[in-house]
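Once you scroll down, you'll see the structures, which are given as structure tokens.
Same chain, two partners: subunit A is paired with subunit B first, then with subunit C.
Let's turn to the complex of A and B:
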């Protein structure tokens, strides 16, 4: 077993006397090395600072109130809801990769599923932050749950906001179980190689007594299949329910039946872009190029291209239906969206989400890490703008022209958005350092060496 | 080195872990359910008053009507706390030397009100109107209990929102002729009375939020 003492050694081939040992070594040495690469420290310091800023902002928010944000009539749903929908959407790629692609036996998923699932959990944590802090009375978030109380009051079960609580709560629970259960054999691998008593104990406790017996593997596979089957409908349901927050409101620009599929496609689109954004540096810095291969990134780019095209189709169809419905107000909402005061946001969204991803038609672009990274960041920006456009442009032209307004964010809006990225990257960097980034056991099962002797 | 797995004795802890994991949520739920309930927190509140005034003596044994002192109860939202002058209507002639009444005489001479402690205290965001209830046939006893038997006034009902809603959703059991609202002994003559009275007087209390939270 090779011990890595310096980060530059990651660029060397992993030690190990056969293919399987090399895979184990390549993944576990990231956890075992005493010092991660300098890039990790720099990224972690940056992420941690933004997490600190987020905490200060939330502290001030609780002290001062929602007024520190730009939320104001008529755009009462400001950035907090934009950020919520953005982060929930990001999570969807992880579930799609881990559950749907598993059921469809897409073996290439094994290289990326662990980190994508981790990304899901962290994105949903970021998302759950926003409903908690934007309610105005942060000591009463438990009112969102159907708890018996002296007021004889229940959440409004006819409201999609109440459905959201259950949809996202279920999503988080199932994703967390799926992620943790899938990690148990790999945690046992780290435990078996651990040198210090503390590590042996911590990873031993996390591995829950895994010994890799046939019976354990049998039950593991069964449980994995069941959780995959449970998680699969969530890929479609969670963002559908989030879209109901808008679609069930009788507001031109929100009240459309296309919203659920359009939101799900957008969620997978943005989620895959985030996976690529995270994995390109991760595979580079942690020496995992042999496991997270170019062909895997290529596959993800294809999915981004496909879902981006669906999103573009949805944008076009919204306009078509606004015209075809003959509804004067619907028509105005969309003309105003593209040519009104928020035209800058609308066209940012269209160019980021529809035009840029079309470059993935070219194989050269799908093979160029810098281009991929750039396009995926652009897609994430675009998908944030999509939610902003939906919320701000639909609300800012109220039914009463005397109430018309324009949303102006405050510095705290920016700081909280950046801070949520701080939270996300802090969690992801800790994951990269202390947990297996790649599903060691799963990737071995699809490795050519596993099918070589027959 | 042998990999770390849980030692054999760890198996013995499984029942305990199961009991704790199963019982702890139940314990916490019942603790909050019971402990935070207004029935636990608020019922039985009986603060000491600056004057040992006995409702049992005045309203019960002597039979003074509630409205003699709380004279705005059928006209206004508040059921007035009587001024010292109301006490002195009688006590200038009765028990003029009583030591217990010294604070009342002091208050009367100096013109400073007696600092009575409010027992039935609703949150400030609740709008409650006494006259709306009393003039439509809700008796004092329904919310305040048998004040005519209390030496020290004690809160006997929850005064929680759910408790208010119970009656707003089904007022019939608490209805009585408006002439009997202060009669603490009055009972509905028959089980049909309440519903008949409700229908006859068209009493349909609202349960909209804005009824009480204005």
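Let's turn to the complex of A and C:
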């Protein structure tokens, strides 16, 4: 990444005659610059074209039906649900960083929380897309909500799929509020520095007339604390509920009590990996090395290491329980998982999620951006495979050997998955361009200059 | 949290009060909003806030780029009631969530899913929890905005150039002219004592906060037009129409095919269902063996099994199997007419129930096999017909088995083959 240093405007020290002004400048110049770095344009063009492909695929899907995918008995859930669980998982790190680390007073979170929250929102948008287009008749998703109707029917609230609707819906709403509320003071900062009337109007409307009054700050901080306290159990509930979709079914390979904690650990694991994957380039290109420091990345690598090890433990425990339970079907499901037709997927998952992250034990690796980037991408791949393994290997050979099969994806499966990345990166790049990517006010409040007298 | 406190909370935020008649003015003679002092560090701001607080002012505030640690105390900001609002919202969410599930699944539309109870706390916890969190979070956010009087598009401080840095690196204190203790000279002296880096008079905000008339008209128009579909839906509620219903998404409601009893212009007679061509018989439909197909020999019920049917051990087993599938629910395994359908009917005790006949009664025993065969084929009085479900071959097998049941009722050891007698006791 050495060649990018010549975008000197990004790498210059921020203007400003005191510490607070420097922080403001470092973040706001990313938004104020007339032209972002060329890498941004390249990335945006790529993301946008994949978004276009996604739209075409979805258009064709609605026209033709879900037969264009590889979804077929016995693996009827196919890739759309794999992708759904994958994206929801990614969407966990943001709120975890903002809420849980906030409650634990981990001040290092201020450098990364904003972008992680944004990532959460965008990942949840991608996740919500999949159940929506997977239901076959995409004009009927309102059936999932308790709306009065002429048939006098109500949703079946004892079903984990209905729980999912409420869990993911609530999670999206609360994450959005959290993210937006955190941004209000920073949007006011951009508004106050805006030169053109249009900018002033747009950022002014978004900032809702925030003027930094202490009486307002008081309530704001209370509200923030409350939201954090609400989001903490919420973030744990969401992936638990997603895991109930599997765990409450009686299918060997799904029907296990370890799923909720195992899913939550996996979600944090994949979410942090995605944050690192996004932040390393972002801090390089936008000259935010002073704010998003190596020590922050180091902390994230440690969390990836810890959660990766938990995930490895869960994999081992699943095998142990399959043996210890004495259930033939459970035993078969796991032997089949590791040595059956999907052995390739299983071992890809294990090496990506358990073996590779162990390299973070070494301080050298935690200090090497390339190594970090590589491992985090590998983890993302591994976590996608984890969901694939759970869904495909459990479904493809269940109790009835006469209906065993093998899942074969179609080109549309690949295009839609890639397209969802297009959607995700389009949103993230727009965020990098137009919104404060670091929490300015929060960084200032934990800066030593804010406590000058101590 | 008392009312008093929330009242005082709003009083302090209320910067809208019109200046008094002898209101102080700025140097240019404009009505004065307040006096603004600028500081460079949080420490200076805290010190100044303490001074102003101690001087007894109430309608004043400090402004900073981030929440300054300890300012609540230095400024004497009362504790907000927000947590209580959120608590209330959480309780409401809890009730709404549980109540919704109880009423919809447990009362209004009960349906049984794999024998689970209609309402059980365990299965209803996830959604209750999510709704509780949702209500609380929305209230935390909305309550924060409402208590802070946001959004607030226009404010007197917007006209102060220097104040733009409040979101960057500067700290301010503003004592408003509406403060009962505000005094042109005394207040300024107090501010000077807090050693600010700059002091400035803030003229009152004269801009109107009202939206332009144009917006109001457009909004009213849109609101009215939005009512049209609703009003239409209401007006046609419960009426009938000869038009087919509107299919926004046709699903598979319309398929290009001809249905029975409908017209088809392709044929001369315009019927979609084709009648049998005269003088022909469809393959397999001839059924000229009256004994086998109808249980009749000439006009009388057949007294023997047809020649195409061989009453042997295999046929007997087949007959038992079919009988157990088709007849047992009503006539019971022994044929005495007390199958589970009959038992359940007796429990309901509805009075109109005709019980299934006891097949081992003398009058049924006397019936020729052809008549029994016919009863299965066409049913009889209250018994439905099984001809469409059971092949003729199997019907004969059932008749054979019914005969066996009849004999078994009055059977004794002599009916059992000598070789198998030893196994009985």
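Things worth noting here:
Keep in mind that, in the parts below, the second predicted complex is superposed on the first by the 444 of 454 C-alpha atoms of A that agree within 3 Å, B and C clash if a C-alpha of one lies under 4 Å from a C-alpha of the other, contacts with A are read in each partner's own complex, and residues count from 1 in each chain.
As a convention for this text, a residue touches a chain if its C-beta (ideal position, glycine included) is under 8 Å from a C-beta of that chain, and two chains touch if they have at least 3 such contacts.
Predicted model only: the values in this text are computed from it and were never measured.
When both complexes are superposed on subunit A, subunit B and subunit C end up clashing with one another. Ranked by how many residues of subunit A each touches, subunit B and subunit C are led by C.
In the superposed model, A:209 lies in contact with both subunit B and subunit C. For subunit C, the stretch among 91-99, 109-117, 127-135 or 235-243 that collides with subunit B in the superposed model is 235-243. On subunit A, the surface patch touched by subunit B in one complex and by subunit C in the other comprises residues 152-153, 188, 191-192, 204-205, 209, 211.
Residues 12-13, 40-43, 49, 61-69, 71-72, 75, 77, 80, 82-83, 86, 100-101, 104-105, 108-109, 111, 113, 116, 120, 123-124, 126-127, 129-131, 133-134, 136-138, 140-141, 143-145, 147-148, 150-155, 157, 163-169, 248-249, 251 of subunit C touch subunit A in their complex.
Remark: subunit A residues 16, 18, 20-21, 24, 137, 139, 146, 152-160, 162-163, 166-167, 169-170, 173-174, 177-178, 181, 185, 188-189, 191-193, 204-205, 208-223, 226-227, 230-231, 233-234, 237, 241, 244, 440-442, 444-445, 449-453 touch subunit C in the complex. Residues 148-153, 188, 191-192, 194-195, 200-201, 203-205, 209, 211 of subunit A touch subunit B in their complex.
Residue ranges of subunit B in contact with subunit A, taken from their complex: 1, 3-6, 10, 33, 37-38, 158, 160-163, 165-166.
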